[in-house]
Each structure stands twice: as C-alpha cells, then as structure tokens.
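Next come two complexes, and both contain subunit A; in the first it sits with subunit B, in the second with subunit C.
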Partner chain A sequence: MADQYKPHASRDDAAEARYDRRAFLVMMALFLVAPAVVYPVFVMKALCFALFACAFNLLLGFGGLLSFGHSMFLGMAGYASAHAAKVWGLPPEFAILAGAAAATLLGVPTGLLAIRRQGIYFAMITLALAQMVFFFCLQVPFTGGEDGIQSVPRGHFVGFLDLRNMTVLYYVVLAIFTAGFLLIYRIIHSPFGQVLKAIRENEPRATSLGYRTEHYKLAAFVLSAGLAGLAGATKAIVFQLASLTDVHWTMSGEVVLMTLLGGMGTIFGPVVGAFAIITMENYLAELGSWFTITQGAIFVVCVLAFRRGLIGELEAWLRRRRAG
Partner chain B sequence: MTFKRKLLSTAAILALSAGAAHAQVSGNVVKIGVLNDQSGTYADLAGPGSVLAAKMAVEDFMAKDKSLKIEVIAADHQNKPDVGSQIARKWYDSDGVDLIVDVPTSSVALAVNQVTKEKGKALIVSTGASSDLTGKACSPNTIHWTYDTWQLANGTGKAIVQTGGDSWFFLTADYAFGHALERDTEAVVIKSGGKVLGKVRHPFPSADFSSFLLQAQASKAKIIGLANAGADTTNAIKQAAEFGIVKGGQNLAGLLVFLTDVHALGLEKAQGLIFTESFYWDLNDQTRAWSKRYGAAHGGKMPSMGQAGVYSGVLHYLKAVSALKSDDGTKVIAKMKAMPTDDPLFGKGSIRADGRKIHNSYLFEVKKPSESKGPWDYYKLRATVPAEQAFRPMAEGGCPLVAAK
Partner chain C sequence: MTEIFGKPLPVIMGQLLIGLINGSFYALLSLGLAVIFGLLNIINFTHGAQYMMGAFAAYFLLNKLGLNYWWAFAIAPLIVGATGVVIERLMLSRLYKLDHLYGLLLTFGIALIIQGAFRHEFGSAGLPYSIPEELSGGNNLGFMFLPKYRAWVIVASLGVCIATWFIIERTRLGAYLRAATENPAMVQSFGINVPRMITLTYGFGVALAGLAGVMAAPIYQVNPLMGADTIIVVFAVVVIGGMGSIMGAVVTGFGLGVIEGLTKVFYPEASNTVIFVIMAIVLMFRPQGLFGSR
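And now, the complex of A and B:
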C-alpha cells in the first residue's frame, strides 16, 4: 500500500494530467454511447453509485479517513429529496439540491464529532452515528418505515426537460455525475487537496507547518457528505423511491468495497469499482442463491490478486512502463 | 481504461445475447417472471419454491390448452426495492416479460407495483403482505393474491376472541410495520368483545425477549399477540417456549407466521401457536394431491401459502390470456377480475375491482408433538373465516380505482 502514496516527481505531473485527461475523455465517450448498448436504468444506477464512491474516496483515498457511516448521507439525502419532490411538490432540480443540502447539514455535526478521533475510532464513531440515523429513519413517520417513500414523481428538470423520458433522464443523471466528478477532481488538485494529502501522509508535520488540520478534515468530511448526498438524492429521483436499504450499514460496507475494488486514492478507481459491483449485483441476480457466493469469491480473488484495486494496478503498471 | 471497456463490452454482449434469445418474444409467447428473495430471509417461504409453483401452473395449463407458448424466468431481488424495481423495469422494457409474480417484502412489492402500472403490464403479488397494495397504492395492473396484513390481523384477532381467547397482551416490534399490525389487531379484538391488558414494544430487530416475555406472562392475558415478523417472531416463540409460557396455559398468536417458520422452529417450540393463513397443504384431497406433487419435485418440502398462491395466480392469469388471446397487461388484469377463479388449491373465488383476490381464510393452531402423525403434519384447524368476511371491505381501503367509480 505504501508505494501508492509516494509523491510523484514534478516531471511526472504533466504526464499524469495528460493521462487523466485522456482517461476522462474515454470514460465520457463510453458513458455517452452506453445507453445504446446497455440498459439505461442500470447505467444510471451505476452512475449514482460511482458518484457515491468518488465522494467516499475523497475522504478515504485523499484524506485518509475511513468512514463507516456514509450510508447515512446517501440515505438521508434520498429521503429528503423524495420528500421534497413528493410532499412539497418541488421540481426535481430543487429536490436533488434539497437532498444534497440535507446531507451536507448532517455532515457538519457528524464530522465535528468524528474527526476528533482517528483510525478505527473514527470508523466506529461514524458507524455509531449512522446507526442512529438508521433508527431515526425507521421510526419517524415521514420515511414510511419499512415501505420507504414510494412513487416519487420525476417531473421536469429545470422546467422543460421531461424526466419521464428515459433518454432525457439518462443524460441529466450523466450531467450530475460529471459535475460531481469534476468537482472532486478539482478539489483533489487544488491547494486544499494538497494540504489534505499532506495531512493523510503525516498529520503532525502538517500541523507543524501551520495548517489547522482539524479545519481541513472537517471541510473534507462535509464535502464528501454533500457529494454522497448528491448521489443519494439523484438515485431517489431515478428509482422514484427512497428506502431503508440506502441508510442500512451494509451500504456503508458496499461503498468501501467499491472503492477498494476500483482502487483507493485513484481518480477513476471508485467509478470502475462501482460499475463492477453494480454489474455483479445486476447480472448475478438471475443466479438466485448463487449470487452471494459468487460475489464473495470474486472479492477474495480481487483482494488476493489486485491489492491496489483494478485501477491502482493499472496505474502502477503504466508507471512502471514509463519508468522502464 | 481497458478493463472498463472490456467490462462494458461484456455487459453489452450479455445484454445482446439475452435480447437475441428472446427476440422472437411477442404477443405469442407469454413470459412470466418470478421475482423474489432467492437467498435471504424469505428464500424458504418464497424463493425457488415459488418458481417451481409457477412452472407447475404452466404445466397444468398446457395439459389442457396448447394455444400458448409460455416461458418462466426468475430473479433474486435481494429484498432491496431499488434492485427489485430495476429488474422489473429491465424485464418489462428489454426482456419481454408480461407478468411478474410473487414479490415478498412490502417495500419491493410497492416499488414493482409502481413500475408495473407505469409500463401497463401485469403483477400478481403473492408473498408480499402490505394491504396498501389494494388500498391507497392499488393499481389497475396489480392483483394481490394470497393474503394481506389486514386479513391476518383481522382473522387472527376476531377468530381467537370468538374461540375463547378474549384477553390479549401485545409484543410489538417498535417500527411502523409492527405498530400497524398492533393497531389493526387491537381494533378487531376490542370490536369482537375482547380486551387488551397491556402491550410492550421491543426494539427491531431484537434477539433477547426475556424481559418482554416476563411482562407478558405476568399480565395473565390468555393470548400474547406477536406483532412482529421474520426472525423476531421465531426468536420470541423460541424464548417463550423456554419460559414455559404455552405450557402455563397462555397461547401465542402470531400475526405473520408461515408454514416454513413452523417447520424451522419444530413442533416442540412452536406448539400452541395460533395464526391465520390462506392455505395449508393438508386441507382437503385436492390440496394434498397437489402438495404431494410439489413436494416430490422440491425435496419433500410442503408449499407455503405464498407458493400455493403463485400457482393459483399464474393459472388464473394464463386462463385469462387464453380467453382474451392477448397478453396486454391492463386488459388481462381486467379479464382476470371479470372471470371467477377456480383452482384445486384455493377453490372457487373471485377478484374484486381493487385487485383483492377473495377466498376463505383459516385460523390454525400448531399441534403438540404427540398429535402430529408424520413429517409436515403441523396444523389443526381452529376456525374458518368465510371469504366474504376475510378481507378488508373495499370501501375502507381508500383505493382510488374504486372511489372513481
């Protein structure tokens, strides 16, 4: 794991940026044509989870903070946006913003509490808070308990884009994903992102350089929460429902798997990881009871064979080739 | 990015090959999708058994009527509403599925109900419980076949009071579903002349019921109502057996119990438990004959009421399709409502305008180990609730379809 964190020589930075740009263009090209070959709802779901995993990776891969409670942001945002769209009758763009805002607001107190501790304690605090949110969602009437909020209207995005049309919906979701993805990319490559990486590498040293590391960590936590919320809110509009599945702790585990499988601390890793997991969930569903066994076996293989994650291994290989 | 390209092209090939296999699917082939839990909590009471039941219905239908080509497929919704609704959309949009059956887990059933309505296809819910499916969420494309929460609460509450269990104590799971079960049952108990001595809420999910059971025992109520489901119910029953509650003269009343739960618990633990179901394999000659066939193909297991409902629902659906010569979802469901139902498992019955299938419902008590004559001989019939009283009156459901008329 350690070599992944090696700071790249500045000579390499331009090459990295070129590589990122090329990879981004390939990814966008694939997403633009994807609905022609793959079932669009499937890709939309994967895009929502990809954004969720990218938001999670911002915290884990670049801030070094392993949150085990990110489901609360995904789920709460889903409930907030479903409620806003269904009960308050807000148009989808405001419903999604309401969801993201709810997650951001939830991120502030959670972050304040959690970043006071590190490592396993940080993970346990986030898990405990997420469980509280889960029981809150189970009990309060507005979430509909076990049944969730169903038949959320999709409505018209910014007034004229009819989201009931599958193609329109797909490109709106893709636009939201791309905006979130680029925002994360920008954050990582900003001075703020550099400080974040410094804190990940060596927090006492960052403190000695005069950075208030608590502020940076809190900011990263809240940003990650808000972006996870953006994913959850979008998902609620796509599926027209918000349910307990998204606030359940297994969802927090799933996003850790997506990020690790794709490659922690890489830009594209979480996207690939999310697509891999969702593909499994989707295409293995027809295997019936073999589903969980197959999924488990694939994880074991990935952990044994690609410890840096799929994209992490690929990047390492490219780097070796460049060097050699 | 080569990996992702590979991944996507694999996905594309998968999608295309799936498409090619069903490319001939048109109005001529009726495609039935069994959507349920194949590996989790509900795999026993629905799962592969429901797929078998659907296949048996197709077999029995084909034996009499060869005019249709029929195919049955299945998938695991993992009890997640988003997975369920996504599979349903894909089935309807690209795989040519005409009918979805079963769908345990209320949240998934409600989500699939919504998708089915949007796409104008057909849905028969058998293992899903929520009575909202024929209430405020009712749809011209959905029939709720086997049972619902109102029926269980009403049947159990009323029949037990009438057969002497007039004082109740509730053990309720502390979330919306548990509260609703408790509220509905309590109303029926009081209306039928019983009284409620007390109630206690337990956290959901819970593994330790000892303090709650002691309170229930101390209340001296004749009946302890379990307003919970799944593992909570079975845990409460097991621990009640350890406290000797049933041997002490009190009875447990389960509000959501299936044959497969009783089988898993064993008679020693489950004896004396009272609950309502719509079907039991040992009701009459016809159910026995069918269940024997089912058991022979399913490792000797007897069908749950949900699995029996899948058979009966699919059979009636196919009759309607054959009569209509069309598999248009909305039309077939309307035809199904117009035709009286008749099959070996549920006997003669009908389907109401709000989508509620009407048949008898039965109050069973679990036998003592000494009374059981063989494997799967678990129930004795305590009361039969006639079809017209078994389900919620249409006017009380608040179904917009009915109100519009």
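And now, the complex of A and C:
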C-alpha cells in the first residue's frame, strides 16, 4: 500500500511498509477478539480516543503543529451528532457524519486563525479558541449546559444493524476506527503528507520550493479536526451522551498526553497511548486528583527521558537491530 | 441617577473597577510570561499553578506562622520564586537545546502535578483569606464606593509593573538581560554567567505570578484551581499584546480587563468570551500582536 506513491521507494521504505502492514494485522487481530476478553464498552471508549489521538497526531506528528485545543472538535462533533440523532431523529450513520461535518466546519475558521502564528503561539491560540468554544457550549441552549445531551438514541446503523446489541455496536465502532485509521495512514503516505513533513522539517525551504505552506497547514488542520470530530461523534452515539467534559481543556491535554506517551509522529503510537491512558483512567478515575497527578508525572517523564514514546522507542530498537 | 447608554453609573463604575482588578492580574501574569519567554523562549504553562501557590503561601504564612498580609506580600513571592528556581535547575534546563514545544509540554505536566496535589490536599472548595485591617473599608467617592483594598491592588500592581519595566529597560542588570535575549553566546563570552541569569529570570517571572496570587487571595478565595482557567485568558492576553515589549504586556493586561468589565455591563453573555473574540480579531489584522514585532 505504501510503495505505490514513491517511484524510487528504497529498500528501507519497503521494510517500513512491511513492518506497518504486519503491525496493522496484529492490531486488527487483537481488536477483533478483544470483546471476548475485555469489557466491550471499555474497548469502544479506547477506540474512540485512539482515533482522536491519531487525528491529533496527523497535525502534531506530521505537520509539527501542536494544537492545545482539539477538545473543541471532539466535543462539538459529539454535540452535533447527539443533536442530530435525538432531536432530528437521524439514523446513526448520518448523525455521525453530521458530527464530523460540524467539526470540519469548525476547523476552517479556527485553523485560518491559528496558522497565522507558529510554534508556541499556535498552541496558545488553539487553547484560547477552544476555551471560547467551551464557554459557547456552556451558554447556548442546544447543548443542555451542565447536563449535556443525555440518552441519545443509538438506532439502526445503515438501516439493519441494531446498535442496541453490544456486539454489533462494537464491530461498527471498530469499522469506523479502522476506516479513520487507514484514511490517516493514506494521508500521511500521500504526496500531500510528504509536503506536510517537509514543512514540519523546514518551512522556509518548503516555501522556497514553491509550496503554499499555509494551504497545506490549513488542509492538515481541517482534516485533523474532521477526523477528531468523527471520533467525538462516534463516542456520543456509543455513550448516548454529549457533555461539557469533552469540550473542556483537560481533554485537549489528555490527547496531547496520549500522543506523547505512544510516540509523536508514529503510526501506531497514538493508538497505544490512548489505550494506556484510558486503562489508567479506568483504575484511577475514582481517585480524582491522583489521576491528574499521574497524568502530569507521565508528561514530565515523557518530556525529560522518553521523548520518542513507547512505539517510537520500540521502532528505534527494531531499526538498530535490523542495522546491526 | 446618572445613566450612560441606559445603565446606571454606579453599576458601570463598579464593573470598571472589577475590570481594573482583573486587569491588574492579567498584567502581572502576562508580564511574568513575557519576561520568561524573552530569555528562555518557552511559555510557562505552570504560571497559573504558581499564581495559585502564591495565594496558598499567603494563607499558610497567616494561619501556620501568624505572619500577616504584609509579610506574605514580601515572603510568598520569594517562596514561589524559589520553587521556580528548583524547577528550572532540575528540569527546564535540560530542554533548551530541544524544540520549544517540549518546554510547553513539561510545564503543562508540572502544572497538572501541582494542581492535582493541592486539590488532593485541600479539596476544590476555597479557603478564606481576609483583607488586611489597614485596607478594610473604603471611601465613598460620590459617584461610587471604592473599597480600599481594591484600590491598593491596582496601585500595587501598577507599581510592580513599572518597577519591572525600569529594571529591564533602565538598569545595567536589565541591559545584560536584554543582551542575553538577543545573543546569549555573545553575552556569555563577555564573562557573564548566562545559565545563572536564565535561572534567576525564571525565578523572577514565577515570583511575579506568586505576588499576583498573594494580592488575589483576599479578593478571590484561595482555591487549588484558581489559576487553571485564568492562565488560558492570560495566554489570549499575551497573543493580543505580543510578547515583544514590557509596556505592551501591561497596557494590554489592564485594557483587556477593563473591556471585559464593561462587557459585563452591556452584554453579560459575552463577558467570558470577549477576550478570545478580541484575540481572533487581532489575529486577523495584526497577527504579531498589538505591541509585537516580527
């Protein structure tokens, strides 16, 4: 899948593609049998966050843009899909699409504003814009304020898949995750993704080669927003709830943490990071502030000693082994 | 009763005062961020947590050691600044050669740890801290009632801001600092200990946050999360003003506080978001910020 876009794919690239394919198969095998071993709702939650983190990683790991406001896309998409399913009575597939569309639409103006600055400013601007969206959601009537939108109907996916059945719901969520994951893989390995990486490495150089870097950055931002929205919309249907938690800045911090822990700029890192953090949350959630402290400690350890993340370190080790 | 645009004058004056108070904190906090950013090139995400620590330091000095507000005003910033020095030496100093985003991530993590630890210890409910005796009560100015403590906060904050401006722009120490911001290697080759200067600068910026916390303690309650949302607004203030100039940070801080206060009178629904809206508008027309330079 990965070698067709590059006419001169080197042996190393071929090896990478082989590695990606194998890792993907292992991951899919694990997910297919997971509900037999683990509580399916837990895996579905982790899958939604994994897609969210992959979408975020598209922007940070491959575009070099650190957004501290991705909660706005997760949360707004959740509200939009919950509203579409509950108030408009749309079937779940259209409700999810409505959510993703809402996040994409929100991504255009926020992206246009944020890409006007770089680096640290970009992070601060996205954080501030997300806080604005948070207050907006707190005040407008359609989000239900502090209560959120509750008991969202799941309905029938594409007419005949009854999502009230837990097994059906699980495999539909897995299908959505897989579609999103493969789309992100495709984007990263497309010529567009290559230009994005070039911009990450050296923006003035990319400009001098004739690329309109703002257009690429905006496209990456909007794509990332839309895919994060897909995750948020799916999450709202699974949990039958859209609430302020998903729009709050702590959620933006969490997705940064998932990506950092798993490995920024790796294909599988965000998935691993999301599962690790959601598992941890499962055990520490009752302890409230301890969860926050642990999250902070993981940030500190990752930044000081472990910048490649779990998958990044693993890949580096595999590469060393292959070379030596 | 006098009215302006259909709103009674005392209401407007009252919100204007609250705006100036908030503006004092925005100015002090964004000033600290700007000083740190100037030399270290990182955005100190821990700033909100350090502001909160200042308020807690004042609370403990009063309740454990019996030291009143004026002692806290002098000591609490030193305590908070000292913790900042430790953070810089142990952790931040390892990141200067890396992408600046790592500094942001690290300080975000430290903020989570500090806020989580304080919340674990003291819960989310606020602890009361009373206004010092000398500053309780207020004066009736005829058109409004001016509580003494609030007037003090505005004056003290302005004083600290001007003193900081003076140190950085008009003293020899400030000249070293500005030179090191431009070219640290060159300054180091003249025999100035730049790493120590960086450490002290971080400590100073953090101490400013601690001082803001002391001043905030009698106005807002002493609460583990008091800085968590404030810091996001201060980030927006910093984007609007640009981090290029000290005076820019001060003017933007006070100005936005006043605008926020007036919005509460005329269109209260937007009072939470007005600063972010202004940020968006400034980004459209002057992305480098009002006082920033490219």
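What we mean here is this: the second predicted complex is superposed on the first by the 294 of 324 C-alpha atoms of A that agree within 3 Å, B and C clash if a C-alpha of one lies under 4 Å from a C-alpha of the other, contacts with A are read in each partner's own complex, and residues count from 1 in each chain.
Please note the rule applied: a contact is a pair of C-beta atoms (placed from the backbone, for glycine too) under 8 Å apart; a residue touches a chain by one contact, two chains touch by 3 or more.
All values reported here derive from a predicted model rather than from experimental measurement.
In the superposition on chain A, A:253 makes contact with subunit C only, not with subunit B. When the two structures are aligned on the shared chain, A:141 is found in touch with subunit B, with no touch to subunit C. Of the two partner chains, subunit C is the only one that A:296 touches; subunit B does not reach it. In the superposed model, A:131 makes contact with subunit C only, not with subunit B.
Contact with subunit C, but none with subunit B, is seen for A:116 once the two complexes are overlaid on the shared chain. By the touch criterion stated above, A:272 is placed in contact with subunit B alone, subunit C being left untouched. Looking at the shared chain after the overlay, A:281 reaches subunit B, while subunit C stays out of its contact range. Common to the subunit B-facing and subunit C-facing surfaces of subunit A are residues 138-139, 288-289, 291-292. Listed in rising order, the residues of subunit B touching subunit A in the complex are 1-5, 7-8, 11-12, 14-16, 38-39, 43, 47-48, 73-78, 80-83, 85-87, 89-90, 93-94, 106-107, 110-111, 114, 130, 132, 137, 174-177, 204. Those residues of subunit A lying in contact with subunit B across their complex are 23, 26-27, 30, 34, 37-39, 41-42, 45, 138-139, 141, 144-148, 150-151, 235, 239-241, 243-246, 268, 271-272, 275-276, 279, 281-283, 285-289, 291-292, 310-311, 314.
Those residues of subunit C lying in contact with subunit A across their complex are 37, 42-43, 91, 94-95, 98, 100-102, 104-106, 108-117, 119-120, 229, 232-233, 235-236, 238-239, 269, 272-273, 276-277, 279-280, 283-284, 287. Contact residues of subunit A toward subunit C in the complex are 66, 113, 116-117, 119-121, 123-125, 127-129, 131-132, 135-136, 138-139, 249, 253, 256, 260, 288-293, 295-300, 302-304, 307.
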